[in-house]
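Here's a structure for you.
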Amino acid sequence: MDRKPWIEQIEEIVGPDHILTSDMDRILYGYDASLAKGKADAVVLPGDTDEVSRVMALAHRERIPVIARGSGTNLSGGTVPARGGVVIHLSRMNRILEIDLPNRTATVEPGVITLDLQNRLLRDGFVYAPDPASQKVSTLGGNLGENSGGPHCLKYGVTTNHVLGAEVVLSDGTVMWTGGKTHDSAGYDLTGLLVGSEGTLGVVTCMILRILRAPEAVKTMLAVYDSIEDAGNTVSAVIAEGIVPATLEMMDRVVMQAVEASVQAGYPLDAAAVLIIELDGMVDGMERQAQKIQAICRRHHVREIRTARDDAERAKLWAGRKGAFGAITRLKPSYMVGDGTVPRTRLPGVLKRVLETGEKYGLLIGNVFHAGDGNLHPLILFDERVEGELERVKAASSEILKICAEAGGTISGEHGIGLEKLEEMHFVFSEGDLAVMRQVKKAFDPKGLLNPGKVVP
Amino acid sequence: MNIVQLRKLSYDEVCRCNRCGFCLPSCPVYAVEQRESASPRGRNAITRAVIEGRVGWSRDIERSIFSCLGCGACTAACFPSVGTRDVVMGDRACLAGEGLQPETADRLARSIGKSHNISEEDNEERGDWREILRDVPDDAFEKDAAEVVYFVGCVASFFPMAQKIPVSMSRIMERAGVDFTILAGEERCCGYPLIGAGVPEHVEAHRAHNLRKVQEVGAKAVVFTCPSCYHSWKASYDAEVELLSAPEFLERLIQEKRLPLKELRATVTYHDPCDLGRQSGVFEPPRNVLQAIPGLRLKELPNNRQMSVCCGGGGNVEMVNPELSGRVAQMKIEEIRSTGADMVVSSCQQCLRTMLTRARREKVPLVAKDLTELVMEALEGETS
Amino acid sequence: MTSPSSIRSSLESVLGPEAVRDDPETVAAHAVDGVPPRAVAFPGSTNAVAEAVRLCQRKRLAVIPWGSGSKMAAGFPPERFDLALSTARLQRIVDMDTANLTVTAEAGVRFKTVQAALSGEENRCYLPLEDPVTPSQEEICPERENRGCFIPMSPPHSRTATLGGIVAANSSGPTRLLHGLPRDLVLGVRYVTPAGEVVGMGGKTVKNVSGYDVTKLMIGSQGSLGVVCEITLRLLPLPERTGTELFAFDRREAACRFVDRVFESPLLPSAVELLNHRACALLGPEELDRPAGGTWGVALALEGVEEAVTRMRETFGKMGEARRARVRLQLEGEAHARFWERYGHLEETMEEAWPNLITIHPVYPISEYSGMAARVDALDAVCVLRAGSGTGRIHLLPPGADPEGPEKLLPVVERILEACVRTGGGLTVERAAPAWKARLPLWGPEPDALALMRRIKDQMDPDRLFSPGRFVGGI
């Protein structure tokens, strides 16, 4: 590759050790956890906001696309350099700058691993509520970019509900703060816009997060069902009964089998579905709530209910859920994961149609979902090396998203649009809606250099 | 090895990697380097790209592939259990086939071929560690026939820092009345470093020689203080005798009440060597040995057993990229210090050497001992 | 210049005669900072709103959306004001899906109205009727006990506030401590853009990351980016039990230390409000401010399961005792509801009694509440501080008939602003007489990202037709 002059200029900014331009590195920063692929022109590993700003100002002058990323665990092609450009890997900016317990905030750089913050906070009896399944790997900057969810979002909300402020570098290198340590800031909610914008509006280089006191008590139950409808109806019934648990997670047989082969979480292999139901909060009345839930489960023909007796058992029940996506490639080498979300009451009906779609296309689909949120994650299994399979999978996946949209839901609950769901944006948004999003993009990034080709078709 | 063979060996395996990234935080090299080429996911992706013809072998790829410690932590964290370590070893063989292996790896392979050990020393000097034991003859512990062969391994034989291990082990076995022998100059490298150097085809001659020697003395068991030799024998030697790691053997001697142990007042933490723990599944025996020493308190590392973090000494990285190896060792030292224990105990000369070398360089106070050393100290009637 | 009558007639031609008024009384009632519009439109549907806006776009008429008018005193006086776009006829509750825990209603619906509808018995069905998965819902949950749902908000102006107004102002009250702000509770909006296009963002799901979160942009945009016409909100099941604990302390420090203890505990009250003595006197019960003057009160709202509320009452009671609370009152049932009703109505009460008062919404990091309390202690103000939320309301009372009175308040506002800024916060002035506005920091310190905010306004409302000049930085 002929070295472009701007590469040397970047080298001057970040130092020769922190720019990668080999063919190998350009390929290695061309993927994420989705099926999309691209190739970067160069990869930069900046050490601070100033370096990010100077690299972006340079890219702006040279009209080079900029793609910011963390651990690259996202599931929609959001960090794939679709049109080449400079990939900014924020892994070196991984300091927890401040834990401010009296004000209930944590100030962090974007490269901090989600679980690292979590473990640090737990020492003081606090938590950062969003808990994406990938929290062990994912970065907080990536969580912000994708507006990540997780099982506990049923009760605590998603990432956007926990980000108070952000330092953002705009496409021309300008650095500014949105929001801060306070909960209400005058002016437009730019922080709210940045969260979930998949790096298309700016590069966040510092963030102020809201932290909460760790719940006093936690109770985790596993409910085993012989019919997936019964499990789905239990979810509706629990909510209707006036109980909002911390989590209401569901897994079907296909997923359980893959998971058991991987982590031996103790899921029964012959069951049709399991629910992981977790209550948290004050200890008072929790036992009664749990009994109420168990009664509802029994009304819906539950086969068996297990309650975790200690942290170890609880961790075991969760280990399977958290590794569900990864484990699925024990069955087939590739998978495409859907992220459609529907009003929770529509879940059983939609699920039936998802399975029918799998049959129609002759594809095996495993299901794992945040049932309480109506957020489905159908995992379509295949082998991308087999000619024609990917096309079939994409068609089936799109059809499933259509089903979700028609049920009054949406095409992505927490994984984002990225590259993979651009076409499906038309299922839920009119041209007028999309025009407004393009205005937002134009206000932030008039030259269209930040993560181009993503989010808005 | 060539690409056709590599495809056969690794293609299905790397295709099972779904790029979820769960291996990233488990990889000590990624933790230090913070870039994709230093991650297991990256190494799988490179392999796949090479097999699919999207990229050719290069110096950059050589650096990535030869920066893997072979510790296997990635596979332990991997839900579909992709065997990245084996993938990497396949890549190394392929790189060596192309003449693209690092010079140090090449030198290592040639040295083992010539002198039968990793240190370019005269193999006849293998038994020289016995000089430390002033009260024994030069050919001590060498017998024509014995029940047990003690396979000392290259590092413990030649590196002064590690020679305390065979000294302790032989003393302990003597005290327990074990009928054992060493092979001295007839012991050859187990072949494990050759796999790491990308020339697995050179292993066979060493394997055949070592097996023959064990047969000649009519041993029923081979005992190892080196986890890598142990793993290498278990995984590829097809030996008809019992193979025991030192912790397993010590555990047995203690159970048989052949080792009277006195009180040692100390809090220790235990580092699971990758080749002993994750690769060979020996987790509890060393802990049982420690618990058998009266007065000793074991405080586990935050990452223990399956999750144990490599010391930095694996995969020949120490030779190819000593700086990287040292930075990984630094992380390990910090983890050890976080426990507040008086010392770290391990069952591997390489782990001790890597950690102690780094600690000395950084002037960090660190006490690190091999399990055999500690047992020796605890033996009644021994002065340490 | 379009004459008033021609505005009326053009609007009438698209909306019908009943939907447009320009009589003096109506126009005066919709004045903003003393500036009357030239006409008021009352469109009856989202599409009608769009028609009206398109007309304004063609004729370059400046529009200010209008709900109940409760929060119109905030912001700079309008640069131009041709049409008040009232949501008074957008009164439909579109979809009450208590099983899904969402409600969708038009912007003109009063908060109070939806809340009452949700708590009723009639919305017990929780399976979608058009898609029955199980033949009979009775089979699914025959012994269902839940009594209904609620919007977990406690906005000021609670008797009059409309959903549209609450969203446009991101307006919140005491229970934001437990349930968050409108930005956490609004799942979707349908609104009319300044170009007159009807757009929909978000929806009926709690999780939604499809495209940009434009809903967030609209929340708190104060009518400067379009007219919000339809809102989908997240609901919660009505709690099993609710109640209030009221305490009064002789000394401010004791009240603050009590509040600190509350936050150190693992208990989860839904509101912790610190009240100065004037607020105590206004909100009552009488005992709270007896003997009058000098006391500080703390009001705790409790909700949850029976056992949790009982424990909170006991624990907080003991904590109050330990801090020598002079008064402890426990409110339940009707008394509890009436107290928080008065609380939500505090703004109106104040505005009726002192039309010239200045209402400040201070913003500060949450731990700074005690410092804020110290700062307002000596002021002649009705003050509530939202402990744990970093905000509150300070109503500065104009000193009697003194003609110099207002002058004296201006430096007070500056001082409060300084105090907030020092902590990293700011303030907004929610109400002040138009004549004083030019001399008041209405939106607090200039936001760091003001330039970007202007670019958003330029993109979305290039002709500056919506609430021109009223928002932050004169946007």
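Order of writing sets the labels: A, B and C. Residues in every chain begin at 1.
Just so it is clear, a contact is a pair of C-beta atoms (placed from the backbone, for glycine too) under 8 Å apart; a residue touches a chain by one contact, two chains touch by 3 or more.
Values in this document were obtained by computation on a predicted structure and should not be read as measured data.
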Selected interface, A-B versus A-C, where C-beta contact pairs are more numerous: A-C
Give the label of the chain whose average Cα location is farthest from that of subunit A. B
Innermost chain, where centres are averages of C-alpha coordinates: A
Using mean CA coordinates as chain centres, what's the gap between subunit B and subunit C in Å? 66
Starting from the mean Cα coordinates of subunit A and subunit C, work out the distance between those two points in Å. 31
Cα centroid separation between subunit A and subunit B, in whole Å? 39
What does subunit C use to touch subunit A in their complex? 97-102, 124, 126-128, 131, 133-134, 140-141, 144-147, 170, 172, 176, 180-181, 183-184, 193, 197-201, 203-214, 216-217, 219-221, 236-238, 240, 266-268, 304-308, 310-311, 361, 363-367, 389-391, 424-426, 428, 443-444, 447-453, 455-456, 458-460, 471-473
Which positions of subunit B touch subunit A when the two form their complex? 12, 15-22, 24-25, 34-37, 42, 45-46, 49, 54-56, 58, 60-61, 64, 78-81
State the interface residues of subunit A toward subunit C in the complex, per the touch definition above. 100, 102-105, 146-147, 149, 153-154, 157-158, 160-161, 170, 176-178, 180-190, 192-193, 195-197, 201, 213, 215-216, 229, 232-233, 236-237, 239-244, 281-282, 284-285, 288-289, 296, 299-300, 341-346, 348-349, 370, 373-375, 408-417, 421, 425, 428-430, 432-437, 439-444, 455-456
Mind listing the subunit A positions that touch subunit B in their complex? 20, 22-25, 27-29, 31-33, 43, 45, 71-73, 89, 91-92, 94, 111, 113, 115, 134, 136-138, 259, 262-263, 323, 325-330, 333-335, 383-385
